[in-house]
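Just below is one structure, and these are the notes that go with it.
Chain IDs A, B, C and D follow the sequence of writing; residue 1 opens each chain.
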Amino acid sequence: MADIVELPEAVAALVADGDRVAMEGFTHLIPFAAGHEVLRQGRRDLELIRMTPDLLYDQLIGMGCARKLVFSYGGNPGVGSLHRFRDAVEHGWPAPLELEEHSHAGMANRYAAGASDLPFAILRGYAGTDLPAHAQVAVVTCPFTGEELAAVPALNPDVTIVHAQEADRRGNVQLWGIPGVQKEAVLAASRSLVTVERVVDELVPRPGAVVIPGWVVDAVSVAPGGAFPSYAHGVTERDNDFYKQWDVISRKREDFTAWMEEHVLRASAKAGA
Amino acid sequence: MADIVELPEAVAALVADGDRVAMEGFTHLIPFAAGHEVLRQGRRDLELIRMTPDLLYDQLIGMGCARKLVFSYGGNPGVGSLHRFRDAVEHGWPAPLELEEHSHAGMANRYAAGASDLPFAILRGYAGTDLPAHAQVAVVTCPFTGEELAAVPALNPDVTIVHAQEADRRGNVQLWGIPGVQKEAVLAASRSLVTVERVVDELVPRPGAVVIPGWVVDAVSVAPGGAFPSYAHGVTERDNDFYKQWDVISRKREDFTAWMEEHVLRASAKAGA
Amino acid sequence: MSAAATSGEIQTVVAARALAGAGSCFIGVGRPSTAAILARAVVNPELVLVYESGTIGAKPQRVPLSIGDGELAATADAVVGVIEMFNYWIQPGRIDVAFLGAAQVDRYANLNSTVIGQYDAPRTRLPGAGGAPEIAAGCDRVVVIAPHTPRTFVEQLDFRTTVGHGDGPGARERLGFRGGGPVAVITDLGVLEPDPETRELTLVQIHAGVEPGAVQDATGWRLRIAPELRVTEPPTDTELGALRELVARG
Amino acid sequence: MSAAATSGEIQTVVAARALAGAGSCFIGVGRPSTAAILARAVVNPELVLVYESGTIGAKPQRVPLSIGDGELAATADAVVGVIEMFNYWIQPGRIDVAFLGAAQVDRYANLNSTVIGQYDAPRTRLPGAGGAPEIAAGCDRVVVIAPHTPRTFVEQLDFRTTVGHGDGPGARERLGFRGGGPVAVITDLGVLEPDPETRELTLVQIHAGVEPGAVQDATGWRLRIAPELRVTEPPTDTELGALRELVARG
């Protein structure tokens, strides 16, 4: 049964310097509020894991929290570049960033293997590309057909953080809309934190919902609007304009730093910024 | 887009003598009406695939349709033996039955590999048991950790038959309640038939529903009550008494044959028996 | 004052007590299911019941005939497919306790639910493995529930469907299992537990009125008996009342 | 009478026409998404749109900024997780056509969306592979949509993110791919198709008013040109009207 605690308390208890941290949410339910609390608590040297780093990891990377990035698509969806990610990779600002780069299919199967307590996953992937030179990819042979397939190692983060629409008082979590890989990311991790829009007395089953039982979650924290500028299907809307504005805010180092100072570091967890 | 056709027509078009046929439904949504139509059309020499053979395969085996059974649990759930299955294995009546026997975990992962177009699946399974002597199980070594795991070959039936609550007029299928392995069994097969309780103008999304797009299904046939004595969650009830009665009906060869003659062979597809 | 408990009722109550303090329990049908539902009623209301059919946190008010009964899905916290059940929930060892039955049990609590006689020329063909091999390998601990007869407790299994403690100390570790294996075998005569060193099943508890000699007579091998044999606390009126009400509802 | 079509509009309309008769199309964001939504409006109302985010059969009325926009999930026939999308839908080759973009395209329609310059000392770091490698390997056929400039159409990729026709005939077969690979590269100047024998991209169609010489100048290798060069049918008023309405809504 998950504890329902304040976000600062949950982050302090579950996220440490040097951790391998996955904050998932595939273009939906991205846990910005929790990520910002990780920033405010000054965590450093993190190995950030996420299929699509998105604005959230652009911010964490730009603020110097990350030692390494494990990912498969580092763009601002529909807008263009993630400038802080590019600056770190191209110029090592504010710090050099080690990359472990996969394809979506590889990352998704790595989470599935992690959730299944298997050391690796097999897929038809990577063949003929330059990716294996920069990612852990091996070849396994089918013992029945002799066919060769790609193998990728399981992903088992120290801690996974996701956002959902709601939880009940026992910490059972329900999310709906685009489900992404959140359930697998939670099950693959040693520790997990779920931020929610609201706590309800009873979870009313929803079409397309994924339910994560509270007994496999460590902490649930209430963070209304905690996915902004991403969204919580049926509760908040994706702020597409903010994704476009971010291209301007993040382009120059000083503009970025000033914005983060004002809107994240000086904000409180309650503000959900 | 699946064709919506009469059950006899669909079975005639999709099921041939000698086929590897999977009729799935894990204790729920078992496609009895379709299986009985296969019987009435006199199909022979079938390789019957199903995690839990249940009463349906007890009937098909007892009527001599099966050459081989691929399965993981051949009992009458909560009641005891499947007498026709036992008679075939113990005494070769009405015909010898070849067995390919797995565990549930192995069968489930074989369907997943089949649906994924992978030649095999890996799992922590079978270790230390006598099962590998009677099933295709191999050992694969993790290329990253050196750990040894079990490998099982993919299951790709010639045809998969499942039952669902409803379909729309374009053949999109929606089922809910215990989901079992039906979606994987359909995606793993070369051909597929789905019987439904009803056809609706529009599928209204349901909590816990699995939707199978019509464009991956060959035929949909309307068969109200088509899961009896199993059930369709929210539409019909499981007839537990019938499962108990079956223990008596099926115990003696002549009682069984007489019952099948009267209730299945002489019945019509419309009757849904 | 209710009628005295039958040996079967005592077996079920003892099994229910074994779930005190457990977080989650994996169960099939029959007596194990009755015991687990009883446990929620009398010793562990928060117990999460997990069924092979994919229902996690089911709260049945009656004993289901099949693990697919609609009530299980209707009352569950989450309902998942069979593939997810085995890969995400059983394989990683997320379930605390698994209740298993069997047609044959040997001195190391290995189980046979496949065949009596030879596989290719069976005297009695049994249903088969189902989920048992991976459930017994993955769950944190296993409780076996079986009727105590010489036909069930045998010197040599006709088929090893499920590994308990294999051939003794270190066997499970060598097989790379996640879970610790059988911690108890609960019968209608008493309770057997694996010896901490040898892993061999040892009679540690007998139900009231049962003679150790009778347990030995019902066991197909030379049974080890603990120096201080516990006697089963008789079912309380609460336990017996709840059990009988549950069975009556069934 | 509406204003003349821009080269970008022509490119989008030609891409939409390429979906006539297709059952399903896998798309990312940007121009490919616009073209696929346009195709449903003008040439293929039954076209099943599949997005990486797990929405199968989405029916957007506007061009989504991101593949995760709520409208896609709200209008889809089915919404699945990312793991299922890649394992059950893309890997087995259930999708007919995939639209892909890229920063660099070579003569065999191999694609780079990872980096310009060296990987460890990049001149420009691009977003990376996303789903492209497996989408291009698995889908029945691939249509590449890219702006026609020498920076995009290069002699040598800086990084091979996605395999088109590899190093020529037989390359895809040797790699065990399920899908047939690129069938067309649609640019703002014309359409390139792989030669049936050599698999090398060949200019087979130019948009009205474009000179073949201009296409060669915009291509970083010695471009093969088909003997009979087709000229693109100009967008009809219906196509252009529908496209402009769609973009205006965006």
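What we mean here is this: a contact is a pair of C-beta atoms (placed from the backbone, for glycine too) under 8 Å apart; a residue touches a chain by one contact, two chains touch by 3 or more.
For clarity, every value in this text was computed on a predicted model and none was experimentally measured.
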Could you compare the number of C-beta pairs in contact for B-D with that for A-D and name the larger?
-> A-D
How many angstrom lie between the CA centroids of subunit A and subunit B, rounded to a whole number?
-> 39
Distance between the CA centroids of subunit C and subunit D (whole Å) is 58
Would you mind pulling out the distance in Å between where the CA atoms of subunit A average out and where those of subunit D do?
-> 28
Please set out, as single numbers or ranges, the residues of subunit C touching at least two other chains.
-> 87, 91, 178
Going through subunit B residue by residue, note those that touch at least 2 other chains and give them in order.
-> 112, 117-118, 123-124, 147, 183-184, 208
Which pairs of chains touch, using the document's own definition = A-B, A-C, A-D, B-C, B-D
Contacting residues of subunit B [partner subunit D, same complex] | 1, 112, 115-118, 172, 183-184, 187, 211-213, 215-216
Which bits of subunit D are touching subunit A when the two form their complex?
-> 29-30, 52-55, 64-70, 72-73, 79-83, 85-87, 90-91, 114, 119, 122-134, 137-138, 159-163, 166, 171, 175-178
Could you please specify the touching residues of subunit A with respect to subunit D in the complex?
-> 26-28, 51-52, 71-75, 77-79, 81-82, 85-86, 89-90, 101-105, 108-109, 111-112, 123-131, 133-134, 147-148, 177-181, 183-184, 208, 210, 230-231, 233, 237-238, 240, 243-244
For subunit C, which residues are in contact with subunit A within the complex?
-> 23-24, 46, 48, 56-57, 77-78, 87-88, 91-94, 178
The answer for subunit A against subunit B in the complex is residues 117-120, 122-124, 136, 138-140, 142-145, 147, 149, 151, 153, 205-209
